[in-house]
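The structure appears below as structure tokens.
Naming follows writing order (A, B, C and D), and every chain is counted from residue 1.
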């Protein structure tokens, strides 16, 4: 009835590839792409759960044979919308980050954020040597 | 509820409030009326428990009158009457008020049927009696009183701790025979032991009693320790440990009494020694022994008060009580001397006097119990009593070499009180049956057998002969102005000295070892808290790799740990 | 009309969101948010009344019956959450007008209000839905709106914080989705009640067990359970004040509720705590969170970061209560959830006011200001003592309940961690007090004339309303306590234990 | 104070000596009485003749000598504690 276990292994691999991209790549856009791959893997997993071997599309008609379970497909339509929205938000943020930091590499972002003073003077670097609870290097983060 | 007020002790405590309102003769009469009233109330009160109160769910029994508490209460109140007469000349409301409260609190503590009531009055005796020491109004008495109060308060705290423990373990706070198999018993025993001046816990007594006023010491000599004896007889009768504690108490003060110069301190050591006899009796715990302890306490209260009265009279008239300064006073104070001799003979257990008919009960009980080591040691201690109280007190103050001091005879009130006390000593000695009738158990003891009279007379008189032998050969230790170290050296000298030394050492250590230690601590602190700081490994904003790693690892860990 | 209440609960804020964007008049978006918040509060109150009198209310969306259709369920276990979220929204709405005006540039204000409405709708939907997939959708609605709002923070670090939250939050949500998919594969249903019925047996199914783990790890991200907490400090501290006030009170709390709902009424305590022993891991993580959160809070230099780290610790308390899986534990968790939400909202609101007036809430910038701004700092101190758990604040009541629950189960190590954490809380709250009252103000502050604008009454009123509510709940905890007890018994009663 | 320093009976050393000899005589009489009347005894040695007399005498001397030894150990000047007290203040 189910399309065979190898499908699950393959989809599992897709998910892991997505996650691996998120972990291994510093570039924010690549991270988002990895995230999308991960999501797509999950979506496919959902759909494969509803697949009935030899079943047709779930269209009710006279004399129709067995058909795949429609509910996962409906759900995944919603999930795809959610995924697209997430991707949109993420990309928009990436663009904003590039505009304000000049880079989308996460390691560099961290360094740039620490090195350059914040635009607002009140939040600028305030070094407190030997304060009882320690000092903070470079710029504040308020 | 209203029968709470039937407490003779409460009569004294409440009545004391009226004293400062009166002046002169009216105050004296009122002062005398208070213990008489309490005495009348005590005699009219039937045996049994009354005055029940409920406090925070605890059942308090404020009055428990039975044969044991009655004997002690009777002695307490008679002594109060005598002490009031003795202090007839005194115009010091502070002393009167505190003395009457002290007597009342001690009496009420005797009657307490539960540990909480006992604790309340136990502490009240401590506070009220400390005022009697401070009333001497000297620097030495102030400090002695402070030490005294501190130790007495400690006893109270231990008692309260014991009460709480007993309540949590046994579920009640009744004051009954206690066992030493749980910590509550040990707490309470220690509390009683402090007030009863057990060896190494005794020094508050010799430290403070000689510093009190002449009249104050008379009051002090009556109550605190005898209250402890009563409490031990009630709570720990038949406890083996107490036999040996008692024997030790009879022995070691004897040596100190021989070399002590301050005669009231000699009496304090002697007091300690007499308490030892009673505690040994309590420890033996047979009917005869308890009877002996109670009877001896009764007689002891009278003759010890008499001795302190005599010494107080000397102090009152002469202004010093150092044996090295005194001598030959029998010419100036003949009656005081006579009464003092009666007291001394009583404490030495000379036949026909009160000590003879009571102490021998304890000795007989010890012998009857087959404890021959304890018996022999008590006999040796008895010989010692003959020395310090029987001979040293009257001899060095009233006889010995004439110091040349001349003064007037003691005031009439003092003489009357001493006379009454001496009469009681002789009366009990001659006709002990009424006292025996009061004792907790039926008495079949006959003091006046030929054998007993001969042995006791031999003991006393040969000891006296030894004294005259040694004294005339010049072998008796001379009276020397000195301070003799006792257990109090621990807290009066060693502890303060140790504290000073330790604090100096700490200061030095701070200066030498401080900076490197501080540097080390600071670097350790930075190393351990580093990750938590805003830019430390944990406190910083985590990168997305790290966060996703975390979630993946947590997922993996959870799957490994939980899914089976 | 009253029959439609469960739908209205979500529909009102959801409808207000697009309207916010449509209207360009200055104050209308704010007004719409007020309408959404007050409307949902009214709905929540009416629903709570109905639940109290009639028991569980079930509502079939579009009249499609469960299990095929989406079902909304209002019962004792989610009325506290509904009330809390809508009340927080209402107070935030009062606070928002001046705060948003001060912090957000005009063209983005209506977007912010729209996002607030969406977040509100998402959180309420998450609380009210009886369908697991629907729960995922609402989770994403609220999350997406939250990411956007955080990015509107004044400083560019907010962008980074929001991005990180997007990544980890999405991974978490997808984990939840995987879990739901596995559960669906096993049972063939998405309705919570139906799932519970079908999951009563067959606990040794590995796919099912994996589903539980996925759902809980995913939700742990949203709850900010240590070590998945890392998004929280940045997100709370960099977001606009109004946003941090709102999400500090609601975001993680609703996630905790969903956790409870899944644990007790979907998978069942027998599976989650009996077979899988999630409770042990939950308690261990809770203890870690308490210690690390409070300890890190002690070292923060910025008031809002400090508060955020303290939230990490407080989530530990709540998680500990839930993980006990006893009536008293879950009740204590609910109570602490309510009390902490109110307290932390008050603190973030006060921090927002300080940001507005001083431009910074670095502790060094606050030195010696206690005398100049006594009311604001008094509010911070009272609420801060609530974090420590000093009577008579609400924090004391719920911590006490939690201590009793822990003692009942003999969880001494967790109890020790909790007491240590409270001690650390005393340290960080003490630091605030020390800086604010006992330090000399920095010399520069003396020289510059204070140009701080007048304190807006609406913001102060909002702050003090929350602070007084904290104290009131501390003195008379019958109302939140009753809600919490009812919730705990509703959860455990149907949890199959 | 006492007005006339008239010499009392006890001021004469011979009288004191008489008293002491009287005491010795009574002691001797008591020993005789024990011999004549006899007494009960509980323990072994106690039954020995003159046990109490010897005990009284020996114990007394022993105590006095022991106390003399003790004095060498514990004797301090009278101001011993006062120094401490003064230093405290």
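Note that a contact is a pair of C-beta atoms (placed from the backbone, for glycine too) under 8 Å apart; a residue touches a chain by one contact, two chains touch by 3 or more.
Predicted model only: the values in this text are computed from it and were never measured.
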Selected pair, greater C-beta contact count between A-C and B-D: B-D
Where chain B and chain D are represented by their mean Cα positions, the distance between them in whole Å: 27
Inter-chain centre distance, chain A versus chain C - centres from mean C-alpha coordinates, in Å: 23
Where chain C and chain D are represented by their mean Cα positions, the distance between them in whole Å: 91
Centre distance in Å when chain B and chain C are each reduced to the mean of their C-alpha atoms: 66
Touching two or more other chains - residues of chain D: none
Residues within chain C bordering two or more other chains: 157, 160, 163, 167, 171, 234, 298-299, 301-302, 305
Multi-partner residues of chain A (each touching 2 or more other chains): 19, 22, 31, 133-134, 136, 141
Contact graph of the chains (line, ring, star, complete, other): other
Chain pairs in mutual contact under the definition given at the outset: A-B, A-C, B-C, B-D
Chain A to chain B touching residues, read off their complex: 19, 22-24, 26, 31, 106-107, 110, 114, 133-134, 136-137, 141
In the complex with chain B, residue positions of chain D that touch it: 1-2, 5, 8, 10-11, 20, 23-24, 26-27, 30-31, 33-34, 37-40, 42-43, 50-57, 59-64, 66-68, 70-71, 73-82, 84-85, 88
Chain C residues touching chain A - in the complex, by the definition given at the top: 133, 136-137, 140, 144, 147-148, 151, 154-157, 159-160, 162-163, 166-167, 170-171, 173-174, 177-178, 181, 184-185, 190, 234, 237-238, 298-299, 301-302, 304-305, 358-362, 364-365, 431
Contact set on chain B toward chain D in their complex: 139-140, 143, 254-256, 258-259, 330-332, 367-368, 372, 375, 379-380, 383-384, 386-387, 399, 402, 406-408, 449-451, 454-468, 470, 472, 475-477, 480-486, 492-493, 496-497
Parts of chain A lying in touch with chain C, wherever the complex brings them together: 15, 19, 22, 28, 31-32, 35, 38-39, 42, 45-46, 49, 71-72, 75, 78-79, 82, 85-86, 89-90, 93-94, 96-97, 100-101, 109, 113, 118-120, 122-123, 126, 128, 133-134, 136, 140-142
